[in-house]
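One structure below.
A, B, C, D and E label the chains in the order they appear, each numbered from 1.
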Amino acid sequence: MPIIKIDNLCKSYRLNGGYFHALQGISARIEHGSFVTIVGKSGCGKTTLLKILCGLKTPSEGSFSFLKEDGSPSAAKIGVVFQEARLMPWMTVEKNMAFGMDKKLSKDEAHETLESSLQMLNLQKFRKAYPSQISGGMAQRVALGRTLCANPDVILMDEPFGALDAFTRRNLQKELTEIFLDQAKTIIFVTHDVDEATYLGQRVLVMEEGTITADLPVDLPYPRATLSETFFRIREEILSAILLDDEFKK
Amino acid sequence: MPIIKIDNLCKSYRLNGGYFHALQGISARIEHGSFVTIVGKSGCGKTTLLKILCGLKTPSEGSFSFLKEDGSPSAAKIGVVFQEARLMPWMTVEKNMAFGMDKKLSKDEAHETLESSLQMLNLQKFRKAYPSQISGGMAQRVALGRTLCANPDVILMDEPFGALDAFTRRNLQKELTEIFLDQAKTIIFVTHDVDEATYLGQRVLVMEEGTITADLPVDLPYPRATLSETFFRIREEILSAILLDDEFKK
Amino acid sequence: ALSEDVKEIGITYVKFPLNVPAIIAYKKNMFENEFKQDGITITHPELTSGPKQTQAMAAGSVQFASVLGASSAIIAKSNGVDLKIIAVFARAPKAFNIMALDKSINSVKDLKNKIVAGPKGTVLHQMLYAALLKEGLTPSDIKFVNMSIPQARAALMSGNVSAALVAGPSVPVMETGGCHVIANGEGLIQGLIVVAVDNNFLKEHPDLVKRYLDVNEKSAKFMKDNPEETFEIVAKETNLTIENVKKMFPWYDYSSAITGKDIKDLEVTQEFLLDNGMMKNKINIKDIISNINQ
Amino acid sequence: MRIIKSLIIPLIFFTFWCIGSALGSFNEFLLPSPLKVYAAGLELLQNGVLLPNIYTSLCRVLIGFFITVAFAFPLGILVGLNRRAQELLIAPLDFLRHIPPLALTPLLILWCGIGEASKLSVIILATFFPIFLNTVNGVSHCDSKLIEVGKVMGFSHTAIIGRIILPASMPSIMTGLRLGLGFSWRALIGAELLAAASGLGYMIIDAEQFSRTDIVIVGILSIGILGYAMDLAFLWISKRIMPWQKEFTTNANY
Amino acid sequence: MRIIKSLIIPLIFFTFWCIGSALGSFNEFLLPSPLKVYAAGLELLQNGVLLPNIYTSLCRVLIGFFITVAFAFPLGILVGLNRRAQELLIAPLDFLRHIPPLALTPLLILWCGIGEASKLSVIILATFFPIFLNTVNGVSHCDSKLIEVGKVMGFSHTAIIGRIILPASMPSIMTGLRLGLGFSWRALIGAELLAAASGLGYMIIDAEQFSRTDIVIVGILSIGILGYAMDLAFLWISKRIMPWQKEFTTNANY
């Protein structure tokens, strides 16, 4: 049973008097506890798709639903990491991270969750800093931590590592796969980086101009070795699915 | 003669009652018409350095100066692409791009500059859209276009391709090298992507915790083949300069 | 109805221009003392302008307008406020003055083609008209601008108008400031200020109204018997100097009986209001007089 | 449709007024019946009193408003962006901001006379601060990241103000202007207490003096309707100036 | 240092006043000398008149202000965020916003009597709209990207308002509150024209009638200084509430 059932989603925006069709019939099934990455060119509709799934936009056509394992509608807790950090400027780093934390958590639990996130994201030194006092990559990490602290069942991530250097990024990729394996989350991860998509996803969806043009499984165990042959092969597959532009593969 | 002379720049920020030393003695000479890339981990001070160079922050210690070819102080026109898009929400894409354009340009010239930038950035369809109507990657392209349209002598770029997919990014990297070669600009390009740094820079500066830890020349002609052996070797060199963390290179 | 029903009586308190009996009654708690035995509390809202007093009366917030210009009483009645004049509070033709700063203006005649400032539709305005007519001028021979007394005072002293209509305490102050009186109300108007009561209240509690008038008599008597103390109380209450109080005091005739002359003056006032379009519906003056005290 | 909805509450009040008057629950003297007010309005229209009064007041309000804008707006920008101006001006302006203009009439007469100047100054005193403080708020909280864009492009101060800060702070400025215009109208009575011979405020004062509450209410209704109409015009203009803000409120039914 | 700078302009005015009075350039009766005003102030202090009047007015202003906040603030949030409320309420509120409160005295007396209620309602009428419109502006222009964060976290409406919209619109709301407090003070004269027996407004009106311009000026100075002091307190509090905003203006000397 899929946790998310997406049927023929379309989204048109009003633009300059006409319409722009950002999504043109997206259908997919996302399984419980799976890690799906979405790659695609800038402007192909990745963010739009995520925003529809988390309820911030309504589709122009089509439908989607979140289901329980038995097929009944679920009220799964969704967490979103936006493409921009979207921190509250009036809150310190730690307040921002705790922003969506379950109020029912005991003080100790809350504290521990926060501490471990701060440590994982390497933000301990800046816990009391305001968003205006941290770097772009740090802000992105705080946004990531905010979503993780809220402990959602389904995590939608919109290029969460876009502003991070390779080293930090690789560390967080590893942390994310660990969280995924330990806590049985369902993750939809949008990225523009094919390497990243291959490294993280159990399945890679390739989007182009509002449609899904490929759906490729990545059958490698975590943690993955990026220099392995198989990895390289899958990566090439994805690249060729994205485009047949020769130049690019040079 | 260097165009930019940087001597022992230090920058400390007030943070939670104490000081945080973001830059701890940066010295460098940037040659006229060179393309320098800066790589470093998140929070190492890349943005701070650029902001000092463009005059938005004052150094706590040290100094820097822009010089003419004969060594006298110059008033070179500086352009900056910020880490965030920073578009004016009340302007359309094309107005935003034309925002810093020289008022003395003839109407035709201005028009042509704008058109060619729109085309290069693949934004023609969205020229009349407002920033709230475009995707994250598009916004970043508009910001890039705005700086290019202003036609500065020295361009400081702070992760200008961070939100772009590999394909768009590669295209723009090529465009950028062409602009660099054609128009004899001086470019300082901050990125967290070692590949990108190697692909673009004639010289790669590696920053760590507020200092420059390596200054590596990349002696390859443009356009570069990313799969060539030399490229690979230099890339490895940079990576090992950034850190000696074995895991990372796996 | 019985006076037991009455829990509260509202009596407007007006100090200006120099309402000595009202000040004495207020400061000596005379009304409170009188009505204490009936368990009635007294309120003294300070509503200084005539229209506000009649509005408050119409709203039932006050029963007695203790110091009401004759024109205000007539206008209110004409517009449907059911009130009765139960006594005269004061006649003070001398308290109403036309003053000028410019030494060359010495009589009403000199006002021709000049600007005169003052409160429209009041006794002062009426006096100006009377004075003009007496000198063979018409109201259109001058330019009248509508202003409150403090504003008219400021306008005159800053040289923006040639003459100002002023009453009471402004007069000695302005004299010190170099202004001079060119005419007062003597021989022109009565300067009638009355005591009015809500007619419903009067009908239901004539006894209380009578006792109200008794208190007025009492304060008048106190005023006659203790002049020095009176002056002191008044000076303190109005922030005027004792000298100025003493100077103005003789201008006022505080005897309360409504005479035929007073009724005549009310008629004249009504004519003035009607002639100048300040009032639409003519009333029968007899209808607003209650001779409860006679 | 919007117009109908916006009339619901006024109509409820009107019905209430009609019924109350018919049943005699209101004191006729303090709140005349709608019919009486209508008759008074008609009479004032027919004998040519109302329209000239409206015209006079409209002119006063608009002139006062525009003079104020000419001062408050640049001063707001200055104080919002310049620490020195702030330190110098905040205290005296704050002092002045709390003074009831009615207390100042003798001084206004002394300094401005009894002509149009003193009436305008009452209006200006009432209009100044909403415009000023909202401009200060707008420009001083404008996103500094956008300002930096202008700075690195080498824009002049005026260009940064004109091309970045002002557009960015438009919502606040517009709120200030709308409030200010409202307070211009509200100041009419105070202004026209000062030796006016015409104007809606004068008409109301005069009518109150002579207990013609029906005319007072005609005046009130005229001011309210005119003010509302001007505000609608304002919103219409601001939508044109700021096409990127689709609606009056952007988070409506967020 | 800041205090000294903020005193420069007031001191210039004061010097001007002193010199002018010494040279007799002002009419002593319209603008008494500083000495005379000082004497009057001292006398009013000594005979126990000034402080009770200040106390009465301060209470009136504060009560009126807080009642207004209790209405204008929630209503501003409602109208700022809810299109239906907007459509229903904007027209009648806009109408009311332009009415001079002084014109309403007959109606105020009818509905509120001549006790404290009518005085408070004059203050409320003057205070309402700056607070209301600035709240509307603040919440309706709050960054919708931040609101979305709360929405995807499944926050309730109240949580979104309380935890995101209000903090984000604090600068506008604070401007509204400061303006509102100022207008509360300004409304004092109008309020205390309605049957007051004490208060600074009453003191000024009374002194004006009895030609005591020196007392009028003592009253004006008291209101101005009190108002300024309250505004300083306000700014101090808002700095505490909003520590992330280092200064009153963030772009000062951008």
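In this text, a contact is a pair of C-beta atoms (placed from the backbone, for glycine too) under 8 Å apart; a residue touches a chain by one contact, two chains touch by 3 or more.
In this text, all values refer to a predicted model and were calculated from it rather than measured experimentally.
Between the contact lists of chain B and chain C, the overlap consists of D. Graph distance from chain A to chain C, where chains that touch are one step apart, equals 2.
Inter-chain contacts peak for the pair D-E. In terms of their C-alpha centroids, the spacing between chain C and chain E amounts to 35 Å.
Here the spacing of chain D and chain E, counted between their Cα centres, is 16 Å.
Once the centre of each chain is set as its mean CA position, chain A and chain E turn out to be 50 Å apart.
Residues of chain D in contact with at least two other chains: 27, 30, 106, 109-110, 151, 208, 213. In chain B, the residues that reach two or more other chains under the touch definition are 84. The set of chain C residues touching two or more other chains comprises 55, 58-59, 150, 153-154, 157-158. Interface note: chains touch in the pairs A-B, A-E, B-D, C-D, C-E, D-E. Partner chain B is touched in their complex by these residues of chain A: 13, 15-16, 20, 39-43, 47, 83-84, 125-126, 128-129, 133-138, 141, 158-159, 162-170, 192-194, 225-227, 239, 242-243, 245, 248, 250.
Remark: chain A residues 54-56, 77-80, 82, 84, 86, 88-91, 99-100, 130, 132, 150 touch chain E in the complex.
Of all the residues in chain E, the ones that touch chain D in their complex are 2, 5-10, 13, 26-27, 30-31, 79-84, 86-92, 94-107, 109-110, 126, 129-130, 133-134, 136-137, 139-142, 144, 147, 151, 160, 165, 171-172, 174-175, 178-179, 182, 185-190, 201, 204, 208, 213, 216, 219-220, 223-228, 231-232, 248-254. Interface of chain D with chain B (complex): residues 145-146, 148-149, 151-154, 163-164, 167-168, 170, 242, 244. Only residues 27-30, 105-106, 109-110, 113-115, 193-197, 202, 205-206, 208-213 of chain D touch chain C when the two sit together in their complex.
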